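Before any comments, here is the structure.
Lettered A, B, C, D, E, F and G in written order, each chain numbered from 1.
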Amino acid sequence: MIVLDVFSAICLIGGALSCLFGAIGLLTFPDVTARLQAATKPQTLGLLLILVGTAVQLNFSLATGLILVGLFQMLTAPVLAQLIGRAAYRTDSIKRDTLIIDELGERIEAERHRSG
Amino acid sequence: MTVLVALPVLLPLAAAGLTLALGAYADVQRLLGLLVLGAIIADAAALLYLADTSGPVVLQMGAWPAPFGITLIADRLSALLLLVSSVVTFAVLIYSIGQRITDYGREASSTTFHPMYLMLCAGVSLAYLTGDLFNLFVAFEIMLSSSYVLITRRTKAERVRASMTYTIVSLASSLLFITMIALVYASTGTVNLADLGQKVHELPDGLQTALALLVVIVFGVKAAMVPLHFWLPDSYPTAPAPVTAVFAGLLTKVGIYALIRTQTLVFSHASSWKLMLGIALITMIVGALGALAQNDLNRLLSFLLVSHIGYMLFGLGVYDVLGLTGVILYVVHHITVQATLFLVSGIITRHTGTVALTRMGGLAKAAPLIGVLFALPALSLAGVPPFSGFVAKLALLQAGVNAGTIAAYAVTATAVLTSLLSLYAMARVWTRAFWGQVKAPAPDPDPTDELIVGTASSSRPMLMATGVLVATSVVIAVLAGPLAGISGRAASDLMHADTYRSAVLGGDRHG
Amino acid sequence: MTWVFLTTLALLAVAGLLVVVRLLRGSTTLDRIVSVDVLVTLIVAATCAGMGWQQDGSNIALLAAFALLAFIGSISAARLTERREPYR
Amino acid sequence: MTINLTLAVVVAVLYSVGFYLLMQRSLMRVLLGIVILGHGSNLLLQTAGGPPGRAPMLTSASPEQMTDPLPQAMALTAIVITFALTTFLLALAYRSWTLLGHDEVRDDVEDRRIQRLERRQVEEEEEEAA
Amino acid sequence: MLGFVLAHLVTALFLPAIARRDTRAAFLIAALPPAAAGAWALTRTPGVLAGRTPAETVQWAPLIGLNLDFRLDALAVLMIILVSGLGALILIYADAYFPRDRGDARRSAPLLLGFAGAMLGLVLADDLITVYVFWELTTICSFLLVGQAGISRESRRSALQALMITTLGGLVMLLGFVLLGETAGTYRISELAANPPTGPAITVAALLILVGAFTKSAQLPFHNWLPAAMVAPTPISAYLHAASMVKAGVFLVARLGPVFGALPEWRWPTAVFGLATMIFGGWRALHEHDLKRLLAYGTVSQLGFLMVLFGAGSHDAELAGATMLLAHGLFKATLFLVVGMVDHQAGTRDIRKLSGFGRAQPALAIVAALAAASMAGLPPLLGFLGKEAAFSAFHDPVILAGLVLGSMLTAGYTLRMWLGTFTTKALPAPSTIKPGELQALIPAALPALAGLALGIGYPLVDALAGAFAKSFPSPAKPYHLALWHGLNPPLVLSVIALAGGVVLHVYRDPLTALRARWPKPLNAQRTYERITGLLERVAVAVTARTQVGSLPTYVGIILLTVLAVPGTALVLRTTVPDDLRGYDSLMQLPLAAGVVVGALAVLRAQRRLTAVLLVGVVGYGIGGLFIVDGAPDLALAQFLVETLTIVAFVFVLRRLPERFTETDTAKLFGLPKAIIATGAGVFVALAAIVFSAARRHPPEASDYFIEHAEKGAGATNVVNAILVDFRAFDTVGEIAVLAVAATGVASLILASRHERRRRSTRVANQEAGE
Amino acid sequence: MKTSRNPDWSEWDAPTERWLLSGFRREGAKRSMLLELAARIVFPTVLVLSIYLLFAGHDRAGGGFSGGLVAGQAFVLRYLAGGRMDDSAIVSMRPPVLIGTGLTLATSAALLPLAFGGAPLQSAIYKLALPAIGEVKFVSSLVLDSGVYLLIVGVVLDLLRTLGSGIESDADAAARGQP
Amino acid sequence: MAKRLTRGKRLLRRVPLMIWLTLVWVLLWGTFDLGTLLFGLVVAALVSLLFPLPPIRTGMVVRPLPLLRLIGYLGWDLVVSTMRVTWQALRFGPNATAGIVGARLRIDSDHLTALVASAISLAPGQFVLQIDRANRICYVYALCLDGEESVRREVARLEHFVVSAVGSAAERELVREAG
């Protein structure tokens, strides 16, 4: 049991730390797309770790539901990221000076130019 | 027989569901509404008979004993008010069916009006019948939410504001209601009214008073007591006649009913009712003066409504059997008469194409029937004998005189003055709208506006429904004897809440 | 295990407060949407940890619902912003 | 069973903010005020049951550990009702916006008329006095 | 007796149907019930005089003392002669007077009959409330009769004035009745008279009742409505404003004389106001040119006279009062009816324009002369008997002097009236006179002749009036009516009065000039108008200040009320509970912080969506608190609802401006608002602490739920068991609210779509039409 | 990079296949391939979750209300991903009809016990022993819960019809210059 | 005959969804017995019948081992890049830079494109900001990128993993050829 407890403790604290770092990222990054990185990914990892850490502590029949939670998170996080990122780009909320390269913008310019 | 208590709520709810689902069939909607409301009248009459002859009819919903489940109870008071209210809702339904057919044709169905009207009826019934504080909240919400929908239906630009005021003030008071329930539960651990009646008494006096006063404010907003009345004259006049009629007739009375019920059953030791005399006085005066300042017929009637709420508070403030008898009689009378007046106002408005008194004239000559339909309830409202208003007013005056305190005398005198001012207001309506030269009807700026359908005729069902209500108020006056008897017994039930309490809780509470 | 759960919850609480700071500072609506989403995720995580602590897993479906809800609320808000301020 | 200070502060803040917003002219602010008030009252209702405990589920807790289930049920009902009314008011705000081009609760026209009348009368009286 | 009253009222109800087709039939049918009632009363008179007073009680609402008690006594018989006898005559006259099948006639027939019924009920009533019921009925009938179609502004105003003044009095009187009835324990007049109650309350009641009597009987300072009411058609004036309704006040004083007669507070006001009214009315009548107004002021004067007599409460005075009551009814009815005919036939009622009427209509002149003689108090007419009795009933020199002065004035204006109407004067254009109708003349003549007959047959009147007066304290040798009592002071006074009247008539023109120069400090009409004006002024002022029409103010006032009323009650009793804790679970702290910060931030939010998101944070935070509390069901619902709320907001925000409106933002931080809001919030929190600390009981219901959830409701989730079983009814109601809200949203949102559709079909129709 | 021309970059994101049923064409700017695909999986999953909540409510967190709301969220997602639903074949019943049915069902559940001589809303527990499956418990209050579920789904769908599509069509009309 | 076949095929295409939904049901209940399974099947059938989705042939084949490899890779990547992002947040903070790089995919199907895009987005540091479905380009936003080519390499690797885990045979060929 101790092994399980230790594993669970690592998962839980690791997960919580991951969430915390994500939150720090959310605070420090310069624009919304960058913050999105910090927001969605470490949170996902953190949540997954906490789910695992908790699942280990619970008996099996109860823990199955946690799998679903994880699946949902994995399924929805990328979609949300894309939608928000796209919205940020469309609404011009990205700080352009942080972009080293913007192939999308270049192409849009080109298309505009071509179509007149 | 106990199931009779649940039917006035469940039937209209089920019918509301069906009319929603069968939104495309206008005839079915009408028939369903009339059948259900007719059934409620019969049901209420039976309940009144049972309650008067063999004590309160009590139904424990789900067969869970009180104070655990929800109790529905029809005692004399609630059965009586239910009966009168259902007569009014029935008549108003006929009126609006008539109006809708006249204005939109026989085929016009509505997914809004019929279901919401039935919901309103269900809410009103539940408010009267429930013996549970939280369930009372639910009842209020059913009633109020459907009233929001009815008042905002086909809202025009100039009237959106009014419905906002109504909705927001009602919502604010609903939120205070939940707050009150939370405080009640926090301090007593129960929401059953009969049970509360016992447990509240164990609280320290100050808390009892504070709680009782909070309750007065919560229900006072719904009852439109001054200074919580402002919303009413701003909002009621903007709804179509049948809607205003039901609102004016019933909604404020439900507030009064809740006040009476809680002050007698739950807070009988809190003496918060002492405040009521002062409120009654201000309410009467402010309302009556407001009425005199108006040129809009509907607003005038709304202010009078406020003013007459003062009478009911007066009786409650006297707080004895005679006073409560007066209140009950007054409520019964006022439900009918105020609704009638708004219906007549609707007919007048359709006839003249305006709500402004200065633009009306000569109606007595042009439409004598409208004159009769207006005059009788108007006189009754002003408390002129031998109409129903007089009987009720007399009981209140007697109660006030009997109470013998300075405050009671002052309010009694104010009641007399208010009576005069009401008559003045009504007489001014009469002299402006019914006398004088017949004026050309105002042109209809918006033919889709239900409030003023310029010079549309009033169909026979509309006149008939109004006539039925006028007749009801006459019957109330004629039957004043038995009615006063029942009211008196109901009042003494209220003063000695044991009947109610033992009917709900029974001898063996856990049985 | 108690201290583990306590630490976890404390870390999550700190994270939550940081997120609230971002929420208040904005600067764009999208930032706030992201913050709300993260906040809900943190609540889900904390709830999960709390369940583990109390050894009470009977309400785990609740978490599934929460995880989903944050998603729906966020995308609807995101779609609104997207439509409101078209790029150039 | 006294409600703790933290929650009391939360309740105080929620009610204050809610009431404050309720006194605004923008219907959207008013609406938010109602939502916040709803939150406050629901929280109050729930905390009226007593201090935290285990969820009232017979499978996972013993009756002594459980929190009071009744306020929960009532709060749940209240939440739903507040939600229903919020959506309605939201629709009203929208309707106001489409009809009037704004979503503000302006003053009543008829009341304003009477106030103008009063002002005129007061002016006349002052003129007479002068 | 109720039967007769009902016969009047029910016939009146059906009369409009007849009147619509044939007004003549309507008037004649209308005359039947009063005639029958009058005849019945006469047949009962011997019995009444012998002390057998028929009584009848109909229980209406006994619990509140609402009974219809009737009793036929001597006073009632006297009044019925006026009410029913004159009523029948006037109805027959009215048929001749009103143009056939016109609006006024159609309206008047049923209203006059209804009025007659109300008066009959009033005079028969043996119960205070019954009196009030019929009293007000007469007021309403009078309003409608005076106003008629309300075409002219004047008729509307006069009708309203009469209504308001008499109703004011009536209501004050009702208050007095209630005070009297409740204090004495009965509303039955005969019982009250048998055992007159005493005490301060009774005195107040007496004064209140007098106000009613004064207004109805047009006593100073309420007299003005009566001359104003002369805009009514003449038969109506004759009936209401001469014979019957205005008598109600003095009748009431007579009726309650046995109850209050011993009170100085009853005797003095009647004497003072009565005398003042008598003199003032006579003085005004002396100067009027319009015959109707002249008669109206004469009536005012006579009513004052009657008030003095009936208020005195002594046998002799009451005897005189009863005689005068009868006499006045008879002569005044005739005079009004004659004036009506004069008006019709000559086209004017102005004394200054009338000339040669006596020559053209000698019969009319004789009839009028008979009535006038009675009015002036010439023997052997009834008026003389009454006046003689009055002079002998009083010994107070002031009162006697007043009565003589009043009688002088009466004689003066009587002379002016008769001479002015019937003599031939030198006028530029003598009035053309249409022939009269017999149907009008006979009803007009009969009362005058009755005045003569009763004057000669005075024992009849003496018996009747004496039967009434005997219930009052009488001197050792009670007075009896007689044409000749010997040469005694009253006779001297009578002569003085008549002579004075002649003098006054002769010097009328200088007197009128003098009156015109007199200052008029008290003008009743102006006062009335000023009071109504003030009333409307106050109404507007109060309404403008209370009904501000601003929603924020309304909400603020509600909150202030919360703070002021239960708030103070609470603060006064607050003590710090012993078990106050900072927190119950550590997790509450960050969640609470989040909620508080979020909520406060909403106040500062400029963008709508930001505000919505912040509210969302609050909601999710509350959900978190629910989880910590151990309420997963609640938390689930809270999260779901919060999300749906955000979604709904977002849907709507798609079309609303991004930021809150600027004007509003400027006004956002109102300090008063902030103070009120904070106060209310703190109140709630304080209440939460105090109330939760006050709990004495464990939640009984919840224990029951926990115990029975599994076995009784088949659920281990107790909250769910409550929702779908124990308190399932709440849930049914809750979904009803949801259904309502959804329907309401649909009706609001889809309205614009419907309007678009309607508009486009209209446009299409128009295009198709073109 | 060689690319084919496309009128507006915001429309590039539309998927090539119909992943969700909808009865009309939508402008590409409102579409997102990722979202539509996610919705295709999440939508039925959430519905299953909602039915689970409905049935599990008796013993765990959940119930008709939460279940209905979760199902409602599924439709919200479906609306966000696939656009308005009123014309499509997703829900054949009009929302008001659904609401009405739910309400009628709930009230009949309240009235039904009367037929068996009980009080309104009185519940009964039926236990059935089925071969191979074991004991199945049926609590009659589930009927009420189902009514609640239906009604709430109806309410959410109605909100999507009104606040969702209704406002959208208003916006379209405004864009076309109609009031 | 042909019709019945297509109908059968259509039903067959529902099977994966049915299995998924039943699995969800069972996981939610946490009890693995026949009753739950059967009931789950009923619920799954109900949901997929009441709310049908357009039948689309994806030709997906699940290969367990490559799938495990994909999951493992993603998991590892998640951990590693979380650390990287955290480091960047602490190290650069407000001065962090980024880039948007277009990466052309070899596969040409909605579902696989979406899967790849999701896989890219799952790992911290980068996500797909815009998809040009017609031209099979994913525009990837990458935080503190080491160069455009590394991003494109990463995309190609993920594409390879995804296709080998669930892609059809033809698609595997496509990826292998190009790779």
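Keep in mind that, in the parts below, contacts are C-beta pairs under 8 Å (C-beta built on N, C-alpha and C of every residue); 3 or more make two chains touch, one makes a residue touch a chain.
Values in this document were obtained by computation on a predicted structure and should not be read as measured data.
Chemist: Between D-E and E-F, which chain pair shares more contacting C-beta pairs?
Modeler: D-E
Chemist: State which chain is most central when centres are taken as means of Cα atoms.
Modeler: Here the chain at the core of the arrangement is B.
Chemist: Using only Cα atoms to place each chain's centre, name the chain farthest from chain A.
Modeler: E
Chemist: Return the distance between the CA-based centres of chain D and chain G, expressed in whole Å.
Modeler: 45
Chemist: What is the distance in Å between the mean C-alpha positions of chain C and chain D?
Modeler: That pair's centroid distance is 26 Å.
Chemist: Starting from the mean Cα coordinates of chain A and chain F, work out the distance between those two points in Å.
Modeler: Distance between chain centres: 28 Å.
Chemist: Please list all residues of chain A that touch 2 or more other chains.
Modeler: 22, 24, 36, 40, 44, 62-63, 65, 68, 72, 75-76, 78-79, 82-83, 86, 89-90, 104, 107
Chemist: Can you pull out the residues of chain D that are in contact with at least two other chains?
Modeler: 1, 3, 15, 18, 22, 30, 42, 44, 47-49, 54-55, 57, 59, 70, 74, 76-77, 80-81, 84-85, 87-88, 90-92, 94-95, 98, 105, 108-111, 114, 117
Chemist: Could you pull out the residues of chain C that touch at least 2 other chains?
Modeler: Residues 9, 14, 16, 33, 35, 58-59, 61-62, 64-65, 68-69, 71-72, 75-76, 79, 81, 83-84.
Chemist: Across the complex, what residues on chain E touch chain B?
Modeler: Residues 59-66, 103, 129, 132-133, 136-137, 139-140, 143, 147, 149-151, 156, 159-160, 163-164, 167-168, 171-172, 174-175, 178-179, 181-183, 535-536, 538-540, 542-544, 546-549, 551, 553-555, 557-558, 561-562, 565-567, 569-570, 572-573, 684, 687-688, 690-692, 694-702, 704-705, 712, 725-730, 732-734, 736-737, 739-741, 743-744, 746-748, 751, 758.
Chemist: Looking at the complex, which residues from chain D come into contact with chain F?
Modeler: Against chain F, chain D makes touches at 55, 57, 59, 76, 80, 84, 87, 90-91, 94, 98.
Chemist: Where on chain F is chain B touching in the complex?
Modeler: So the residues of chain F touching chain B come out as 94, 96-97, 99-108, 110-111, 114, 118-123.
Chemist: Could you list, by residue number, the parts of chain B that touch chain E in their complex?
Modeler: 10, 13, 16-17, 20, 61-62, 64, 67-70, 111-112, 115-116, 119, 122-123, 126, 134-135, 138-139, 141-142, 145-146, 148-149, 152-155, 164-165, 168-169, 172-173, 176, 179, 182-184, 186-192, 199, 202-207, 209-211, 213-214, 216-217, 221, 226-228, 230-231, 233-234, 275, 285-286, 289-294, 303, 322, 325-326, 329, 362, 364-365, 379, 384-386, 390-391, 394-395, 397-398, 401-402, 412-413, 416-417, 419-421, 423-424, 427-428, 431, 434-437, 448, 480-481, 483-485, 488
Chemist: Where on chain F does chain D make contact in their complex?
Modeler: Interface residues on chain F, with respect to chain D: 59-61, 65, 155, 159, 162-163, 167, 170.
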